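First chain A sits with chain B, and in the next complex the same chain sits with chain C.
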Partner chain A sequence: MYSELLDQLMTVDDVEKLKNEVEILRSAVFKLGKKNEDAFEQTLKNDVRTWVAEAIRKILADQTVDKQKFLQDLSEELKKLKPVQITLASQPSQALLEKMHDWLNVQVHPGILLDIQYEPAILGGMVIAADGKYHDFSLRKKTLEVLEKTNI
Partner chain B sequence: MKDFAYYLDKTQEIGFVDQVFHSIIYAHGLPHAHPGEVVLFETGEIGYVLSLNDQSVEISLLSPPVVDVGVRIARTNSYLSMKVSDDYLGMTITSADLEKNTFALEETEADGRVDGKNTDLREVDTSKNTFTLHKKITEPLETGVKVVDLLVPIGVGQRELLLGDRKTGKSNFVLQTIRTQAQKGCICVYASIGKSQLEIQRLTQFFQSEQISKQTVFIASNSAQRTGLIFLTPYVAMTVAEYFRDQGKKVLLVLDDLTTHARYYRELMLLAKRFPGRNSYPGDIFHIHARLLERGGNFKNGSITCLPVGQSFLGDLAGYIQTNLMSITDGHILFDNEYFDQGRRPAVNPFLSVTRVGEQTQTPLAREIGRTLRTFLADFEKIQQFKHFQTELNESIQYKFYMGERLINFLDQDSQEIVPFPMTLVLFGAIWADFWKNQPHEQIKKYLRTLIDLYKKDTGFQKQVDDIATKSEKLSDFIENIKQQQDLIANNPALAAVTPPAAAPVAPPTPTPTAVSTTTPTQPIDKKEAKK
Partner chain C sequence: MALTGTTLLLLLALLLLFLLTAALLFLIHTYNRFAEQLEDMEEVLNGKSFGKAGKVLEEARDESLTIIEKSEKKAEAILQNTNMFSADVQEEMSKKLKETGQKQMDEYLKALATLRQDLVDIFQKTAKELEVEAQHDVEGFRQAIVQNVVQSQEKLATQLQQETEKTSAALEKHRAEVQAKMDASVKDIVKQVVQDVVGKSLTSKEQELLIFKSLEEAKQQHVL
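Here is the complex of A and B:
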């Protein structure tokens, strides 16, 4: 049910944005008055990105889905996503981001998010921190190792 | 200390600060962190792991600056350690020193030493099993305080609790003991736990002014420091003491005080949301003190005589921490606020004080004197209620009043005064034999002070006094011996300087000839006689 939304998420920033939108929608659900439906629809229209609004409308078109429970479960699902912090020496292109995201979700674990950090001092390669593990595959480290071995 | 990147690369694990709650930090990550492990923040702060669960790591921060949420954390894979060296002698180590310079995380070299021969890297909070290295306590530890040396003797390697209300003279006693022991070559380590800056300054001046600084290490944590750092202070002091003990030296360790330490630990644990137990202390409060004091004792190679200080409230000895400490230690010296209010200095209550192993270190003579004196003083306390009968009392009772007051006066001692133990024995003998008969108490005090000074200055007199103190094994022989030495003690030429032209005698009863014998004062009081 949530795949339409979750599949679109690639980075931690994406998740943060969606979380904020879900919170806005949840507060709209609890608004009192006869125009509840309108308030929620108006929020979908004004305060939520178009693709998110469309996906939510599509899911809620099914009358059996409870609006309040759906948003709460979606919020919980977002918390379960695991971020992988990747530090790069240069700003990555969108294509590279997508490639990395797809590879990680297929090869490592589904539901992985990218937390991209920009650090030119690493020169090249990448530093990965995920689930408490830390691996430095940077050019800086390799260079320092070589310099240490050669006593330069 | 190596930098953050070094440890990150070494352990290949990372954590991130989730929540900062005073000095407690909750973080996620660090999958293989273990309790007690030191962690390093990318902003340079140091902390150590308090506890773990599957969601987060609980860290106690030792550094003062506030850490922000999201800051990276690296494991160090080492327990909290510190450098210890002989250079510590004469130093005052404050909290700031501990945090910046003392807590070392360097890699230990193959021989366990770093930065040269005389520096050790030692774990601060360790609980190694040293039971097989212990040996029986046989040597007395001289405090220089008459009432303690005679009635509540302490042995080298004993753990003796000093218990009393605020301002009842505990710290003065501790400083007297340190002066005595430092002059004898003992290494003295004083841990001041969570005290005010003013108090720390006062103690620093004491250690510098008393010319004993080369034998002492003063470790102080300020009450304004991080709770985690204050909590570690006694463990740091014990680590320093162990370093000198392992060199085969005798170490005197003072922990001032453990009730304050318990309060800081309670604060830390309540912040960490531990379930509060009795008096809101956490459940492991006994364990944290027991594992600290178990590190003291008399060892085959060196010793750590441990004097933890406990503070009672309104004379209540049944407090939680106080009773815990009593059960951990080998006895306690009680500083009684009632005695203090009566003007007794030091305000040690010998009847409620306990020494479990001290008596076994005494000579037979010292032991007999202690028992005789304790029994006599107990009788003296009992007959206080008949004091208002005054002249209606018989001579024997009147003599007990007279001698009891003399002994109380003899046991009184200024906080600056230190009395060598042989001199204490001989002076007791002089009082017991009733030298300076009918002299006012103040005059006798002058005589005692003069003789003590003479003992410290005149080696000939010192030798004679030492001979008297070691010659006899029984009290009766000792008193006979003292009587024969009246010219040396009561009529010593040095006393002429403090003898007034015509000293006005007090108005005591004339003691009976038998009263000065060694047996009469120790006999129990006949109740019928007392009723008369």
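Here is the complex of A and C:
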């Protein structure tokens, strides 16, 4: 049910945006009530990104799905996603981000979110911070290790 | 010739007085000789060799014998020249005189032998003590020399060791400082070169390869 939405989420920023949109929609549900159903639709049009609004409309087209419960469950699912902070030497392209996200969700496990940082001093490769631990796989570290071994 | 009792008594008194005088002179002469011999012995004790002491003792004994013999002959001659005594009396007096002289001579020789033996014992004991003392002194001197040499060697070795350690420490410190400066300098240069050249010249494709290589490493190390 949530895959159409969750599969599109690659970064922490994406998740934060979706969380905000879900909260706005949940507020709209409580404010408008049954008498103003098209007010929820107005919120979808005005305050939610197009691809998100379309995905929600498609899910809610099923009359058996309760709006309020759907939004609450979606909010809980978003909290389960695991962020991984990755520092790169240069700003990645969107294509590279998608490739990294796909690789992580296939090779490691689904639901990984990218928290991309930018630091030119690492020269290349990446530095990963996950679960409170710091792992340096950068070109800078490899270069320094070579220098240490050769005792230059 | 018949002699009266008083005259005979007078003659005997004169003879006795003469003999006493002769004996006194003999004793004085003997005493002087003995004193000279004692001086010689003392001289020997003060540093002369044992052989010389023995020689002196032999000479003293010979001289004493000569003196005694001369005294006996003189006494006999005196007796023979005095025709106031009968042959029996003269013979008896000569016999007594010989016995007395022989007795004195025996006692004197005995005393000399005792003295000689005492001297021999003293010399032997002294020589032995001197030998022991000399050996003790030589050994003490040798030990002192050896101890002094050993102490000097140990002191010198300790000083050399300390100086060597100081020098080695100073050299090592200097080497480490120079090495650290060189390392820092070289690393800074190489790091800057890598950052300037490699960092700016890596293509996006190369960067992407490095990123996925890093992801593979992270997975193998169970970082993700």
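Here, the second predicted complex is superposed on the first by the 147 of 152 C-alpha atoms of A that agree within 3 Å, B and C clash if a C-alpha of one lies under 4 Å from a C-alpha of the other, contacts with A are read in each partner's own complex, and residues count from 1 in each chain.
The rule is short, and it goes like this: a residue touches a chain if its C-beta (ideal position, glycine included) is under 8 Å from a C-beta of that chain, and two chains touch if they have at least 3 such contacts.
What you see is a predicted model; the values in this text were computed from it and never measured.
Engineer: Quick one: chain B and chain C on chain A, clash or fit?
Structural biologist: Here the two partners, once superposed via chain A, fit next to each other without clashing.
Engineer: For A:68 in the superposed arrangement: first (chain B), second (chain C), both or neither?
Structural biologist: After superposition on chain A, A:68 lies in contact with neither partner.
Engineer: Pick one for A:117: touches chain B only (first), chain C only (second), both, or neither.
Structural biologist: In the superposition, A:117 touches no partner, neither chain B nor chain C.
Engineer: Please work out whether A:8 is in contact with chain B alone, chain C alone, both, or neither, and reply first, second, both or neither.
Structural biologist: The answer is neither, since A:8 touches no partner chain.
Engineer: What is the C-alpha-centre angle with chain A at the apex and chain B, chain C at the ends, nearest 10 degrees?
Structural biologist: 40
Engineer: Any idea whether chain B or chain C touches more of chain A?
Structural biologist: The partner making contact with more of chain A's residues is C.
Engineer: Looking at the overlay, does A:141 come into contact with chain B only (first), chain C only (second), both, or neither?
Structural biologist: After superposition on chain A, A:141 lies in contact with chain B alone.
Engineer: Touching A:133 in the superposition: chain B (first), chain C (second), both, neither?
Structural biologist: both
Engineer: Smallest separation in Å between any Cα of chain B and any Cα of chain C in the superposed model?
Structural biologist: So the smallest C-alpha gap separating chain B from chain C comes to 9 Å.
Engineer: Could you list which residues of chain A make contact with chain B in one structure and with chain C in the other?
Structural biologist: Touching chain B and chain C on chain A: residues 133, 135.
Engineer: Chain B touches which residues of chain A in the complex?
Structural biologist: So the residues of chain A in touch with chain B come to 129, 131-136, 141.
Engineer: For chain C, which residues count as touching chain A in their complex?
Structural biologist: So the residues of chain C touching chain A come out as 183, 186-187, 190-191, 194-195, 198-199, 202, 204, 206-208, 210-215, 217-219, 221, 223-224.
Engineer: Across the complex, what residues on chain A touch chain C?
Structural biologist: 84, 88-90, 92-93, 96, 99-100, 103-104, 107-108, 112, 120-121, 123-126, 128, 130, 133, 135, 137-140, 143-144, 147, 151-152
Engineer: For chain B, which residues count as touching chain A in their complex?
Structural biologist: Chain B reaches chain A through residues 8-9, 11-15, 28-31, 74.
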